[in-house]
Structure formats: structure tokens, C-alpha cells
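Okay, structure first, notes after.
Lettered A, B, C and D in written order, each chain numbered from 1.
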């Protein structure tokens, strides 16, 4: 899924640059776009102890920020020209297992893409554990 | 709603201190807890241009982080001893109107509180506009 | 909220007829549209013992069907000509309190209405209890 | 996934009987439980023209009722004695593609099972089309 395809007109490095410029807060977090394809994208946010919450789990907003960035990376890969202005209409997150301290990995894929709307799903893990920490679905209104 | 009550055993300042220590990332953002009561809590995240996304709206993760902090503040106000370890099980966010640049204000209230689970709702706005920018519901498993 | 306004071009009775013809299953359930306005609509599904689940609460799908019908009634009231073909893109339901046996009442209102998308919220109760049994948000793609 | 395992103490036929008795409305719809295992369950609701909505798609509440029944079947398979009283706390449904007229098939699996809470996911299709018509997640409080 997360491999480059011949249809891909924009590389992971280019997507990363667009996101880091467009969303400076992701630049502050050291966000890396590790793979993009025509129907999937993966990002990584490096671990920092300030991301922890009481109980030494990764805090929820860090996992959600990774999911948001992975979906945005996928939308840019699908069509950077228009989709930079895509609007999130809904963001749903199930927290499924404790997120042990580690880099946050978010893998997004397309559930449905219409002309006016896209529904994406993201699996979020940390590098400390194989179990899914969070499962996110996002709905986007396309320009 | 957002006023102190005689049942409140913990002040907004104390909740703010607990959150900033427990979630260092909120300290980095300058999070303020502006009010807590037995069934509501409000927080503010000061504006910074790095929070913007393309199109000069506030980025989604900033609004979601404010909602998350407001719910956590409310849980702490409801019972700081136990609820510091409350686990988010679900976080649902509808983005309703463009969030114009400004401080982010999140007002949380209790939809339902059981022994084992709490459901909270949060209204998120920026100081630039009265319209609701986002409406969040969160589900928590209580310790 | 749930009163007729001069802007309303279609009555509760007309909306009820459209729904019952368009969705025969609501006819089978005896659905009544009790009020429509330019930003709200209310429906009622009469109580029947077959709607119960173990524990003698009303079953979830009955509450969700009432919420769905209330949102559809509101969309029809907002523009019967076009919105009959509105597509539900998302339906989120929080069950908040046990639904004691009784008629199901669902009150829908507009959270946000854009050109291409509408977000509605519905409060669902039974006549046996004032407490909210369920809180639903629905997202619709408009034709 | 949807095969019987040696751990399964209750058959699809037994689960169907429990559901039809416990939820008479599913009996009216002719609900069949077609498979259960220790981590998955499948149900079918036979097609009836009264399930259609304008535009000749299957109406949303029928798809949601099938998803609800599949999750309930799975909970019963996981532990019929206790889980008959499991409470739905949340039900989220994304409608992904038009549901063409046909029997409704709902396949539920466990996303996470804790002591106090279970999160399930359901894929809903009709027999008229391979595409996913709806993707549902449900959260249950276990007794």
C-alpha cells in the first residue's frame, strides 16, 4: 500500500515540504512524511518526553496530530494543487490501546473518494508496540 | 455554568497547574484554564501565527488540543485524585465554521457522567468570531 | 425553535406524507412529523412492545431510526425539492441514558448549513423520561 | 475470521434465537445470524422493497440496524450470559457508497476488548455490490 506508484506525481519529500511550510506547527514537531502513494500516506513524529501524559502514555493530541498530518499528506499526494485547501469536516478517533513512549507512526488510506468529499482512515501506532493505539476516520470537503 | 460552586474543591489555577505539569505540551502552548465548576470548564490557548494552516485558518489540531485540554480540565475539576488517570476512549470533532486567527477558547460541559464512563461536549471558538468553529464530544473511561 | 415560521413553505403534515411515501419503513412504524420550522424539526414514533431489548429499554435502532427521520424531515423542510436526494455521509450517536419504554421523540436542529453540506444535531428522548436518551449528529451531502 | 472455533461455546443458530427473542424487531425483519466466532460475527437482513428510500437505495436505518445486530451477535458469541446486558455507548456510521437493493450483509469484528469496554467494527454491504456501503464502529460498556 505505502509504496510509490507510477501515478504518483509528488514525492514524500515534496509532500513533507508542503506540509511543513503550510503547517508550521508540524515543522516544530519534526514531522516526516515517510511514504505516499495514490491511495495511502505515512508520517512519523519523533518521540519527545514532553509528549507524555500522566501514566507515561503518549498524550492524545500528539496521536491526533499525527493522524491529521497523515490525512493531509494523502490529500496532497492525491492532488496537491487543489487539495491544499481541502477542509476537514469531521475527525473521529477511537483510542484502542495505551500508546507506549516512542515515535508516532500514522498510516492513512482512502476509504472513499468522491468529487466533493473524501473519507480517509488512519492507523496510529508508536514504535514501542505493534498494537493499534488509535483508529481515526476523517471526512474532507474537497475544493 | 462556568462559575465556581461550593462543591468545587479545586480552582482553575490549580487545574491549570496540574495540566501544565501533567501535559508539558500544553505548557509549551501557554494553555490557560479560565474557569472550572462542577459541570463545566473553559480553557484558552493564546494565538500564535505558527498555528495557521493554508488559507489563514487556525489548524485543526490546535482546535482539537484545546478541546482535549478543556475536557481534561473538567475531569480534574470533577475529581483530581482519580481522574488524572482517566483514559480517553473516543474523540469526535465536527468542524463547523472557519476558525479565524485568534486565541482559541474551548468550553467543556458534562453530557453524562456514570461511575465508569463520562461523556463530555466542548464548544470551540476563536476570539475572532462568535460562531462555533468546532463541536467535540469525548468519551472517557474513569479509573 | 420548533414552531412554524413564515419562511416555512412546507408543513409538518406535508413533510410527514413525503417521508412516509419515500421511506415506507417509517410508515410501518407510524412515524409522525410533529413540527417543522426553517431550522428545526420534530418527529414521534409511537411505542410498541416489540421495540424493547433485554432489560426493557428501547432498542438502539429504534432511537436511531427516529433521529434519522427527524433529520430527513428537517432537510425536507429546508428544501423539499432538492433535499429529498440528500445523502447521509455520517451518522454519530451517543447513547446517554437508558431509554425507558414510551413513544420516541426526536428533535433535530441545524448545526451548520453550507451549500454542499449540512450538519444536524438531534436530541432523542422517550415520553417516559425527560433525560436525553441519545444525542445524534448527522452529516449530509446536499444535491 | 468468520469460522467457528473450539473456543466458541454458542452457535450462530443459538445467537440468532437469542437475538430474535431479545429484539423482536429483528424477528420482524427476518434477521439471520450467518456466522459467529470468537472475534467476528455476520448477519443478513433479507431484502424487502419497503427498505428503499428515494433514489432506490437502501435506507440508512436498515444498514444501521444490520450493523447493530451484527455487533450484538458478536457480543453474545463472546459471552452470552453477561453480554446480553451490554450497553451501546456509541454508534458511528460512515456511509461510503450507495447501497443498491439487495440483502444486507453485516460483518462485525473486535477492534478492542477490555474488561469494561469493547470496541467493534462492522462492514456493511448489500448482495448487489461488493463495495462497502457503510463502515460502523460501536462502543459497548460491558456488565
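Miscellaneous remarks
In the analysis below, a contact is a pair of C-beta atoms (placed from the backbone, for glycine too) under 8 Å apart; a residue touches a chain by one contact, two chains touch by 3 or more.
Keep in mind it's a predicted model, so treat the numbers as computed, not measured.
Ranked by separation of Cα centres from chain A, the top chain is C.
Between the CA-based centres of chain A and chain C the separation comes to 35 Å, rounded to the whole angstrom.
Centre-to-centre separation of chain B and chain C, using mean CA positions: 30 Å.
Each of residues 89-90, 92, 94, 119, 139 in chain D touches at least two other chains.
In terms of which chains touch, the assembly is arranged so that all chains touch all other chains. Within the complex formed with chain B, the chain D residues making contact are 89-90, 92, 116-117, 119, 139, 141.
Partner chain C is touched in their complex by these residues of chain B: 92, 94, 96-97, 111-112, 119, 132, 135, 137, 139. Taken in their complex, chain D has these residues touching chain C: 22-25, 28, 49-55, 59-62, 64-65, 68, 84-85, 87-95, 98.
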